[in-house]
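What follows is chain A paired twice: with chain B in the first complex and chain C in the second.
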Partner chain A sequence: MAGKVNLRIWRGDSKSGDFKDVQVDANEGEVVLDVIHRVQATQMSDLAVRWNCKAGKCGSCSMEINGKPRLACMTRMNTFEEGETITVTPLRAFPVIRDLVADVSFNYKKAMEVPSFEPPADLAPGEYRMQQVDVERSQEFRKCIECFLCQNTCHVIRDHEENKKSFAGPRFFIRMAELDMHPLDTIRNRKQQAQEEHGLGMCNITKCCTEVCPEHIKITDNAIIPMKERVVDVKYDPVRWLGSKIRKREGI
Partner chain B sequence: MATGVFSEGRASIDKRTLRTDKWWLQPAATFGVLLSFVIYSTFRAFEKNYYWAEPLISPFYSPCISTACLDGASHFGQPIGTLVVFGMVISPAFFILVVPLGFRLTCYYYRKSYYRSFWMSPPACSVAEPHKKYTGETRAPLILQNGHRWFFYLGLVLNVILTYDAVIAFRNADGEWGHMSVGTLVLTLNATLLWLYSLSCHTCRHTIGGRLRSFSKHPYRYKAWSFVSKLNGNHPLYAWISLFGVAFADIYVRMVAKGTITNYYFF
Partner chain C sequence: MSQKLDRFTYDVVVIGAGGAGLRAAVEARQAGLSVAIICKSLFGKAHTVMAEGGAAAAMGNVNDNDGWKVHFRDTMRGGKFLNNWRMAELHAKESPDRIWELETWGALFDRTKEGKISQRNFGGHEYPRLAHVGDRTGLELIRTMQQRIVALQQKDKKEFGDAEKFIKVFAELTITDILKDGDKVSGVYGYWRESGDEILFESSAVVLATGGIGKSFKITSNSWEGTGDGHALALKAGGALIDMEFVQFHPTGMVWPPSVRGILVTESVRGDGGVLTNSEGRRFMFDYIPEVFKANYADNEAEADRWYDDQDNNRRPPELLPRDEVARAINTEVKAGRGSPQGGVFLDVSSRLPAEEIKRRLPSMWHQFKELADVDITKAPMEVGPTCHYVMGGVKVDPDTAAADGVAGLFAAGEVAGGMHGSNRLGGNSLSDLLVFGRRAGAGAAAYVKALKNKPTVSEKEIERASTRISEPFTREGGENPYSLHQELQNITQDLVGIIRTEAELKDAMDKLEDIKKRAANAKAEGGRAFNPGFHLALDLENMLLVSESIAKSALERQESRGGHTRDDFPKMDPQWRQYNHATRWNGKKIEVEAEKAKMLPNELVELFEMNELKKYYTENELAKGGN
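After this line comes the complex of A and B, so read on.
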């Protein structure tokens, strides 16, 4: 898509703001972030935009492009129609700082609320030995680049500000799943924590987090639903609950 | 006070979504298909007829366990009497339809489908939902979704019975074995699709191995889990085609029982 393109950029701060229309050149092979940078260089020198790697790996350039949560550096210009106006806004689930930059500190707060990995007391770092099959499931979740697109699209908080205090969000459900599936983690009540403290039950598995994840992590199928099933094991399944009391089963 | 995308501090944009694609198409189509199925199955459950045409039985009425069943349709006895409520005989379909109904209603995939299409929570991704409050599956009645596994187990029993129905369809109308008709194929296909749907279920995946923390200690369960995980990736597909399969099997048996068509025998 070479030539002129029409961009509608949201500009403003946490008090007020509006869309500004601009026309800008676009070259073959460019992505939305390139074009935004050109706007910044030629027409709006004070346009705020956050980015870092331009390779889809740092998770900084999250924004909404034609209403969809995307990485600006991974959204190619040739995916738009000729002459189509491309609307770009900051993430709409979080407070805006300025222009395209949203304040994502909610996520850092939530990250601190998840207890970190707790290895067995008798193992020193460097002594961890695990089978590949046992760590595989957790490894998928390590691909997360913390772009928070999943957090931003999740309707539990996007559409209900008041839920923010009681809901950790999909990015942290994969974190909890990662640790609960980890062969060496010794914290055994992560399931209960997920349900009682981090709002796992608020998720209605409508899968928007999975839809937007640029790392294609199967957030819902591989983390949230397995965690929900594990929660059922310990909280809502009287037979299993009884079984675990009698036999002290390993693995649940 | 404004909440959601209109909350104070967020970018002030007065649209509930800025999506430019046809995001409403999928929920609208899902709504249409699910509603048609509900209407058709309700009609069939109340019809109380045309569900048995030796040796074919409709999946909506199998097993037929009440004394109100048609002659010959009850392969597993009639432990339940004929119940009459307000002068109306309760359809034998009701006693068993609760199982597939409960199974599908609590299915993780159907939950997604109807939360989106019927409840619009959310209608599509990054399209604001119309509800003021939202508590998800944390309280009654939606907390009951956690009972999915019980319906899964009951569903397995039902699958065995419907497989039995497909097997006895290898007989002719006189009860002789070694015959095969279009009806045999229809019931076999239906049973196969139902097995695929059940085996690809998330609860199945969890039960068979997903709940383990160490796969290396349980190599066989790991294999089984890997297999079910593959099926699980196609769970939405199996959910849809098995739904169509059940409806189609019922329509076929109904037409044969009504005499609209004859059940063609290959041999």
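After this line comes the complex of A and C, so read on.
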């Protein structure tokens, strides 16, 4: 794929903006972020783009490439057709700051709303014992690099600004599932919290989040659905519903 | 001053939000102080996230022969005894507690059969010692610390109604100056990357936790953030950097495709059985076992292979020699024409482990090669070569409190601090270093603030000076593009101050750096102040130049080869040189180097080694006098 490529870059800020077309060199083996960097170094030195590790590990260079939420560092140039114009825009679900950089502070606010890990009071540091098979379920969710592509693509957030207040989004559903499945976390009603305080019920399982996850975390199948099923179990099974009320603990 | 200025006041300001910075912030908060955490990127993106292999801590979960004394010995050997022994001692003793503490904050390490934290083998470590999570240990560490900060904020919200009453995270903010009142730190000054607006923190204590300097080099595993900001801030505030000639080139970076050249291939590949071969198919590391390590490393394939299952009766494979040895060996093989097609050597795990096992143990590596290089590492070997990874040198600090030498109120921890790793860092010792000394820096800063009688104040003159510096890139006439200056700088350091050095090349480098220094002082930013990477780079250039000058000058002085410093004109390690650390200081115009006497081990630590081994590192005189 060596040679010139056509790039259409969204440039602007929260007030206004427009697409700018540029032609730029691309070399074999390069990714979209490389080409954007070349534009920056040779044609638009003030082009705003967020990036860090350039290896798909930090989740900074999230943007939309031809309308699809992607990490620019993991999108290889040879996946495009010869002569195709590649359009790059900032994440659409969040306010734009400048050019390709979006204001993702929504996600940090949501992170504050999820109750943290609560360790067992009777275990001293160094005394924790867990089996590999038991930590693996949570470990899958801890692979999350917080690129927020799932948050960006989730139509509950993307298409309905008004939902943002009551809906935590897929990134935080896997956080809740991770804590729920943590062998030593002592908070027992995580699923209930997810349902009642973080809008789990608004998710209608279209799996868009799973599709865009660069870490291939099975967000819907392994986190959201299991939590939904168990919540439903308790809510609609009269015996368990009564049990949860009597015991005052909603250990489900 | 027309520019908008935000003002804040905190007891402690932590610059850097990687492992060391966040651990320092936790400690300062737990001591009851208010803390500002400053990240150059978003919260949780710092370079710690890239650490793959694990965190070294002698917990003895896999082999109970391990203990702090063994870890200490390995660290000193890895650093070729130039380490600040007190730092190495504290690190070896405290690492297990720092790892266990992470579990109480929610970290989920891989487990042993007994349900303890699993530990893996790594270069230079005598026993399996690295706590790990697959090959994404750094991510686990930073996420745990990030979530610990959130937990403390949630607690503050419950108790005081304000989550940010004691800890506030300032994301995407760059600090350009440390402000002083006489000889004491009084605050820091910088700008919001997003808006370009300026910001002042009044604070009596500042913890530098800014990480590394890799962006001064062309081929590096570091992200754009590794521009040596903390190193430069310390120099400009009157502090000293030590051991700057020691730069670690990690032996295994990706070599293809060109755009990811330098990105790390974790040492765990070798720890888990991967072997290095040249174009002739030969496991060449057997040819490069140095005299000092012959007793511990296998000299034949059969023994090396047996070691993975029986470590008590076999010597280690030479692929697991310390990083400096492996990097030099690869460099030599490639230069001798026995390299791989893309100019590296082969690292093969596909013929050593079943495919499923590779994907389980090395998921990120599998992913990284599949997506970036279109190579399936379960079927084919990787091509790898050395990449600038880590700087052993850094701010000269007091081992116990992390207080910077010569600047009251300044502290440093993690990669930006020097001394702990001597001339070469062992893999896995970085993550534990962040935790041990991050905590000590937080405690050191807290104790300093509490004991301080008169709070230093920030003068308008200092603010004016700092503010002018930030706006300069916009007011310069006809200056050069910062991107091309940066590229030029990277080529000079890579070619002339890189993995193999000579006097002539180092002198050449110094002349060229001097020239770039002049031109960088006139680097021009186009466009406006809001999120403008060209403007950011124009300011970062000065930091990279101060660091490069420190490295080149220290490297010229040291007429021997040791760890991360190899002189083609002085290829041998010389005990005479072990007696000195190079300290660099900035006199306002240029970097000056001074040789400072390195201390001998105290008696109780001398006893941990055989006399025969000590003779390789210490002079006869030193050994005759005995320990301190």
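We adopt the following convention: the second predicted complex is superposed on the first by the 240 of 252 C-alpha atoms of A that agree within 3 Å, B and C clash if a C-alpha of one lies under 4 Å from a C-alpha of the other, contacts with A are read in each partner's own complex, and residues count from 1 in each chain.
By definition in this document, a residue touches a chain if its C-beta (ideal position, glycine included) is under 8 Å from a C-beta of that chain, and two chains touch if they have at least 3 such contacts.
Since the model is a prediction, treat every value here as computed from it, not as a measurement.
In the superposition on chain A, contact is made by A:Ser116 with chain C only, not with chain B. Looking at the shared chain after the overlay, A:Arg92 reaches chain B, while chain C stays out of its contact range. When the two complexes are overlaid on their common chain A, residue A:Gln131 makes contact with chain B and with chain C alike. For the contact definition in use here, the residues of chain A common to its chain B contact set and its chain C contact set are 131, 182. Residues 13, 27-31, 34, 40-42, 45-60, 74, 76, 97-99, 101, 104, 108, 111-112, 115-117, 119, 125-126, 128-132, 135, 138-139, 142-146, 179, 182, 185 of chain A are the ones touching chain C in the complex. Across the complex, chain B meets chain A through its residues 3-5, 7-13, 17-21, 108, 111-112, 115-116, 121-122, 125-129, 131, 133-138, 142-143, 146-149, 202-203, 205-206, 210-216, 222, 232-233. Contact residues on chain A toward chain B in their complex (touch as defined above): 10, 12, 14, 16-18, 64, 66-69, 84, 87, 89-90, 92-96, 102, 131, 133-134, 136, 153, 155-156, 158-163, 180-183, 199, 201-208, 211-212, 221, 225-226, 228-233, 235-237, 250-252. Residue ranges on chain C touching chain A, taken from their complex, read 41-45, 47, 49-50, 59, 96-97, 100-101, 103-106, 108-111, 114-116, 118, 133-134, 136, 139-140, 143, 147-148, 150-151, 153-154, 157, 163, 171, 194, 223-225, 256-260, 263-264, 364, 367-368, 371-373, 481-484, 487, 525-528, 530-535.
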